[in-house]
């Protein structure tokens, strides 16, 4: 059974058709990628999966349950985490607090616990902090844990966003252009990091413009153009697909 | 029935003042996304400036013929000009630095500016309401059994004339186009060679001048003014702008007239002490159920 | 004499927030607490406790509003409405108005709960609005509530309000006309308020508030039910104000609608802005400074001016002071006069050239 399944999802904004009848299956434990020129509808699909927009038509099923028309916070709590194309960290909070917020959905503390700092709450806070430190170490930020997110260097901000996303122990991680703006060394680190994430048992779906990275990393690739799926398959197949070549001919992969 | 018509005319007169103020709110919100909380006080300043100019001209009572035209004209244009200048200064000194700050910072600043203006006016003319000379003769015309005063004609006429002029300016001139372009997409407008700072200053100039006109008009209409008038009137005019669809000029005018009519009828039917409750209830309901307003459109959230 | 209290309290907080050692910090606060508790042994001037109890009410209000504005980032411009609800709760249920004479201590709980309930009633439909629209809605609510209290003359005494409220009593000892008992009540409530505010900040809920303040959309992606979390901020913040309202009304033995106008809401916002929104010690200092100015400095300036034959009414400059604080701080020191040490450090880092790519 696939972990995530999109069944002919369509999303329109007024008269603009951003996504047109796209179907997609992501198997558990995979690293999958979505590629396509700008405006192909990739980010819209991410936003539909995480509930920012309800699809105009079609179904989204995650882990055996329909999630289209669910609110974002519930989708997040059910095991989908994401990063954003234009980094969206909590700027005036420390790196550690950012990751601790990421654990929100897993924590049990009620209003009462938060007000009175009950023993159960204290214990939970200790664990939360410890897990957050582990995650910061996992992405290589243990030394920057007390810095405000806004003051971290760009590459570290990308890593912090990933650590924050992992904090909810998601089943599926959506990465929106994780390699944007990275130099070749940072890019190699990122590839290792994403493989490491998959080895923790997290399924990964990423949007990326860096074709080399996608070909190296992804096991399945979906190609979108003008809101429609034009190809789907293993990297080698996709590379040879005439429709993909055509879509990229006018505008070669950046 | 007569009472109904009389209240309707009352409401339209009142509404034309709100509409003039609402235009300033909506223009500024449209262009920099700020609720210019001090705008209501600029309106009160308009009354105070008119008052000062009339005093300077020695106009203390009813005026006739050329004296009426000259004195009233000077007070009107003087108040508009001075308010325009105050508006530009406020933008330059208080808001411009905060254009890219977190959204609440300029709003808090605007509340601060409002309080400073109110205090200045309180020191200038004292804490009590100030009489405004009754410069207009007061023959009432009876239409269908309802008496309409000359004041009411002048108030509504001036308001409508000003609004028409604004429409012509915004849709018919280069500067008007620059304003609309900046409101729609500031970065794109900059790339097209529009001077953003100048355009925003112009928006404040015009919006505040309209508040000045409203201040003059309300002085003539009520024959009284008060340093704290702008708080309530500003809030109602803002309600009007929201009701009409913020950023939308026609909407602000429509909203202004609607709020004026609602206030007038609430006073008639429920009593004056409930009219504010009615207007603010509309504000809350409008924001909750139709934040895009009657003539506005909803935009998807940017991610 | 009265200056000593304010200046000592302000000095202790400022110093304590700057000393590196946790032990020294605790010792300073403990000393301040002990001094405040024992002061009445030395100072027998009830007028001092009158001013201090009022200051205490405002500290409490500022702590409560800080939850809403500072932690959760929701600008509430109608906070005085909850203050009014607390005060009228006492006014209506502990006075000859209806012949109901409930205990002060019971009404503290009732008012806190009622204010929280009204916070939820206001918040439930409005909290999905964005920043400045929410601010205006709360302002509208803040205008409506005192107006309704004024209009429902049969229940609330109309514009004159309700007077001759009951004196609270403590184990049979009536507070009477003295301010001293209220001073102790506000000290206790501030201690409680400080503990709760600090607990909340270091908790799952507090982090969720701050996440919403920083980026609501990202917060939703962390599994935060933003509506519920914002509602809890509104309700908790309102309950502080409800408590303050009861103390205020009992101490004055009077409630009337003109005590809860927009200026009160802006005054409390100014306290937060002055001290530094979101930072608890800063908020306390901000509220102490402003009450000192309002209830001590300005009246004394008036008296002084009168003594030298000047006819200046300094108390008519309140608006100017609040306005100047709001504008000046926002333009030149948006983190407030006493930001947390971390925030100050980080703002210094931020001036270093940023790595801008992508």
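Think of it as A, B and C in the order they're written, each chain with its own count starting at 1.
Methods note: a contact is a pair of C-beta atoms (placed from the backbone, for glycine too) under 8 Å apart; a residue touches a chain by one contact, two chains touch by 3 or more.
Note that the structure is a prediction, hence the values are computed from the model and not measured.
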Greatest separation from subunit B - chain, by CA centre: A
Innermost chain by mean C-alpha position: C
Euclidean distance of C-alpha centroids - subunit B vs subunit C, Å: 33
Rounded Å distance between subunit A and subunit B, as computed from the means of their C-alpha atoms: 48
Computed distance of Cα centres, subunit C from subunit A, in Å: 42
Of all residues in subunit A, the ones touching two or more other chains: 52, 84
For subunit C, residues that touch 2 or more chains besides their own: 217
Residue list for subunit B, restricted to those that touch at least two other chains: 301, 303
In the complex with subunit C, residue positions of subunit A that touch it: 50, 52, 71-74, 76-77, 81-82, 84, 86, 88-94, 97, 100-102, 104-105, 107, 109, 111, 113-117, 121, 124-125, 128, 146-148, 150-151, 153-154, 164, 168, 180-181
In the complex, subunit B residues that touch subunit C: 34-35, 94, 97-98, 101, 103-109, 111-120, 122-123, 127, 231, 235, 238-239, 242, 273-274, 276-277, 280-281, 283-284, 287-288, 291, 301, 303
Interface residues, subunit C side, partner subunit A - complex: 196, 199-200, 202-208, 210-211, 213-215, 217-226, 232, 236, 342-343, 346, 349-350, 355-358
Residue ranges of subunit C touching subunit B (in the complex, touch as defined): 73, 75, 77, 125-126, 129, 131-133, 135-137, 139-141, 143-144, 147-148, 150-151, 217, 262, 266, 269, 273, 316-320, 322-328, 330-331, 334
